[in-house]
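The structure appears below as structure tokens.
All chains are identified by letter, namely A, B and C, in their written order; residue positions are counted from 1 within each chain.
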Amino acid sequence: MNSVFGDRKTIIILLAPALLLYTLLKIGPVAWSLGLSFFEGNTLRGFEFVGVDNFTKFFTDDAALQSLGVSVFFAIVATAGQILLGYLLALLYVFVLRKGSSLLRTIVFFPAILPTVAVALLFRSFVAVGDNQGPVNDLINLFGGESVEFLATTSGTMATALAMTLWGSMGFYAILLYAGLLDIPDEILESAKLDGANGLKLVRHIVVPLSLPILLSSIIFSLNATLKVFDSLLALNNGGPGTSTAPLTLYMYRTAFEYAEYGYGSTIALVLTLLCLVFTLAIFRSSQRKAED
Amino acid sequence: MKAIRSRRVMVATAVALALTPLSACGGGAPQDAGSTAGGAGTGTDPSSFTILTANENKALPATLDALAKGACSAENAALPIEHQKVAQADVVQKVTLLAGQGALPAHFIAGTAMVRPDGDLGKGDLVLDYKEALEKLGAADQLLPAAAATVENVYGGMVSLPYQYNVEGIWYNKQIFADNGIEEPKTWDDLKEANAKLSQAGIMPMTQAGAAGWPLTRLMGMYIFRNVGPDAMKDVRDGKAKLTDPKYVAGAKALADLASSGSLGEGFSTRDADTSANLFLTGKAAMTYDGSWLLSSINDPKRNTIRDTNIGFMPFPAVEGGSGSIDQYAANAGAVMAMSPKQFGPKVGDWLKCISENYGAQALKDSGTISGFKVNEDVKELPVMTSQIQEKITELKDPVLWFEALLDPKSNSLASTNVSLLTTGQMSAEDYMGALQKSVDAAR
Amino acid sequence: MTVQPQVENPSVTVLERSEQPLRNRRRARRALKRLPVWTIVTIVVVVVLYPQVWMILGSFKTQSEFLSNPALSLPENWIFDNYTTALNNGNVSRNYLNSILVTLPSVALIVLIGVAAGYALEVLVWRGRKGTLLYILAGIMVPGQMILVPLFTVYFRAGLTDSLWPLIITYTVMGLPLTTFLMAAYFRSIPREIFEAATVDGSSPLRSFFVIGLPMMRNSILTIGLVQFFSVWNDLLIALTFTTRPDLATIQVGLLSLSDQYGSTQYGPLFAAVSINIVVLLIVFVFLNKKIMAGMAAGSVKG
């Protein structure tokens, strides 16, 4: 058997294109950029070696540390929400609606295809105050509350951004997880049902373990995507009020491309990459421990 | 095992291959930089007159195309015009990339800080000195003196063409002023009084598009210019004054007080440009401080329901005891539009001459855009407000800059992002100016 | 195996028909049981559609209606002016063509290369595959913005900047890590025995990828293809960085010209353009969704 699944020629044919393209055009450029963490300057001005100066700068740079906090907070909350909602929806599709889930799947996935700028505009107008007050404040007024200017505060902006992110991506994660659940062979479920497993029990003991690979992959993907959140916070409130909701990517982008300090921008990128690595490895380790149980 | 090792070697080689050409070009300064000195006619003509403009600016390429078909058709035949586009938010990055490859087009948009003498483009002699070039071409008199002054003040040299020239001031609703017995406020105190009156009458005194930040810092900046004098921000740049000096902090305080008094209406800090303009143009707000680009909305009867004859334009009021004068309007000359000295050959020179002689009239005719070029043709049937402002601009003397104009990019961005904290009481005037001064010092 | 679901349903109907008296009560009980489900579905649909209704309403409003009237008010006139403006903005047909010319090849390449790699990493057995998977996973961790500057240099020196190639190549590379990683995860959730059982007949390993691997994963492949399609279609950053000529602009770049330099936006035409965009994407989605359904019906290999 292993001779069939271990055929070297096959491995090379199937893997080489991906590995080659990926190494040449992604890892190479990234390595070049990250290498510039130790330099100062940009492609026009030229680069000057400064050793670890950029790193010491990073850890004394209030704006950078604030952004780091924003990214981590956003990633944890958004990931928890995305995966939870996505998984619940996927379960709903597969086990409750079954064949009838097609329409709902389409509808819920839909927001994922809207451009972020449009979605941000939409949510801005939803929480607007003043002359053309949005429905959120109408609702607050209805219950006797005073209108809240959400985007004038850090917590309000964060809450809006999270709502926007969940709204936009839960359908995406639902589909991602749904495809994983679909691939679970029916016999396994049938035989579990025959054994008397039902409802929550079935989900907990059969469905979750069987979909664990795709669930973990989704968590990893979600964490890595939300740690690098960029356009939604930028489009919603420009990282404001002040810079209190500016994530690390935005700070990096501004540093590297607006302030033209490519070296320091690369340092921020490197920190971000390490952060992603730490989170990913943490998930991997916890999953391995679970597998051992 | 062997297979794995050989694969590892393969991967390593691939990485190395990918890195070599990159690190080679990343190292020193790009070879093209500084190889040619600036100056009129010193370069060689490219194969086309390529112009890089912002995606968001549709008027400029359209007007240049109109010139290519009309007044500059001979120049266009010799060197055909060709357009390239870049997103406004992406200008600094794109121009850095292009310049790094020696691939700048003949005429291009750029970031403010880049073209200054100490900026990345300025240092490498990658921007043409128009003053010298236009003098050689005999077209130096085609620029309005005020516009030339603004360009030189902002960029430290004549390195941008004033395709727009915007004057800023307070636009007000004459009807609302009359109904409430208000005269044009001449001092900041008058303005505060007027605001109080209007608030009492249930009218929003002033609308500003706070979401963008700069519409708020403009008020603070103008207060500082009136209080300290027209060189207020130059002194900060040159280290002769600090933003934390009491006279500067007073500006931030004045803005914070204006905001907390409710004069800017509910939700001002998240209001966008369109909503703000709409509040003014539908008579819901009595005033707005804005630039003359507001004219395009004023002249649009679908948007302006208060009629253009009902709109007045006044300078930012004086501050009592201040050293600045009420006659000093703030003005700006739009985004940088530089030329590459390397490509400044005789044919590009002809284009430059033709543009400077004809752009003023063409832009006014086609889109009602007021530029910093002389209008050499009688343009008829201009909307009332446009011709009023156009006159004002022609006579403009001693324009001042705006608050952020001379700040480095990072401090510039900080000024407009933090202003929402200042105006919503989440940051004190002292802290605001303190943070900004710290950033200015760090960039020095 | 294909007939399985069809057998199930007729049998139920037959049963119900034979027990007429019980039918109503049973139906009522079932409806009651389904009530929470329908409540949830309704809430989900409302939450998802509500903002989109706002967007479509917005596409019919004039600028001043948009700014003066409450968010969910109906447009005063149902006119298509905004759609005309959106369709006449710049060179929309060229933008659409470019978007298609870029998206289709990119997605095809991403899926083909990515699925093959996923198969090689998960189904095939060789030492070092865990490490290689991690190596590819690293691609998800690095911020995408960091490849822009070096790649620009590479494309420029290779003389590719005046074509759509930089976009196609970059999208492919950007999409590969996620695709490979997710496909590996999907392959992992299939018990190995299924692959092994299917290979006993002695087909060559490469053949078995095309004959067994690909068809078996049809759902997942289409899902990922869909996801990549939308992310490529909606990208702005890469399209902005690697093109300057207006005739190479994609639809997302074209949308930028609906805003002006002073931060003002033509909301009506913007939403009209987004709505048109949605319709185009919806067609793709429905088409692919049908395929997924068909794939499921034919996906009897699975059982």
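The working rule: a residue touches a chain if its C-beta (ideal position, glycine included) is under 8 Å from a C-beta of that chain, and two chains touch if they have at least 3 such contacts.
Model, not experiment: these values are computed from the prediction.
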Q) Which chain lies the greatest distance away from subunit C when centres are computed from Cα atoms alone? A) B
Q) Is the number of contacting C-beta pairs greater for A-B or for B-C? A) A-B
Q | Whole-Å gap between the CA centroids of subunit A and subunit C | A | 16
Q. Could you state the distance in Å from the CA-based centre of subunit A to that of subunit B?
A. 36
Q.
So the centre of each chain is just the mean of its C-alpha atoms; given that, what is the distance between subunit B and subunit C in Å?
A. 40
(Q) Counting only residues that touch at least two other chains, what does the list for subunit A look like? (A) 8, 19, 25, 27-29, 32, 43, 128, 131-132, 256-257
Q. On subunit C, where are the residues touching two or more other chains?
A. 67-68, 126, 149-150, 153-154, 236, 265, 267
Q) What parts of subunit B, by residue number, touch at least two of the other chains? A) 3, 22, 26, 90, 93, 97, 100, 272, 275
Q: Sort out for me which residues of subunit B touch subunit C in the complex.
A: 1, 3-4, 7, 21-22, 25-26, 52, 54-58, 83-88, 90, 93-94, 97-98, 100-101, 103, 209, 212, 272-275, 277-278, 282, 291, 293, 297, 302-303, 305, 334-335
Q.
Per the contact definition, I'd like the list of subunit A residues that touch subunit C in the complex.
A. 1-2, 4-11, 13-15, 17-19, 21-22, 25-30, 32-34, 43, 89, 92, 96-97, 99, 102, 104-119, 121-123, 125-126, 128, 131-135, 138, 167, 171-172, 175-176, 178-180, 182-187, 210-211, 213-214, 216-217, 220-221, 224, 228, 230, 249, 252-253, 256-257, 262, 266, 269, 272-273, 276-277, 280
Q: Quick one: which bits of subunit B touch subunit A in the complex? Just the residue numbers, please.
A: 3, 11, 14-15, 17-19, 22-23, 26-30, 33, 90, 92-93, 96-97, 99-100, 111, 113-114, 120-121, 123-124, 211, 213, 265-272, 275, 279, 284, 408-410, 413-414, 417-418, 420-421, 424, 426-427
Q | For the subunit C and subunit A complex, residues of the former touching the latter | A | 5, 37, 40-41, 44-45, 47-49, 51-52, 54-55, 67-72, 113-114, 116-117, 119-121, 123-126, 132, 136-147, 149-151, 153-154, 169-170, 172-174, 176-178, 180-182, 184-186, 188-191, 194-196, 199, 204-206, 208-209, 217, 219-220, 223, 226-227, 230, 233-234, 236, 252, 255, 265, 267, 270-271, 274, 277-278, 281, 285-286, 289, 293, 296, 302-303
(Q) Residue numbers of subunit A touching subunit B in their complex, please. (A) 8, 19-20, 23-25, 27-29, 31-32, 35-36, 42-47, 124, 128-132, 147, 149, 151-153, 237-244, 246, 254, 256-260
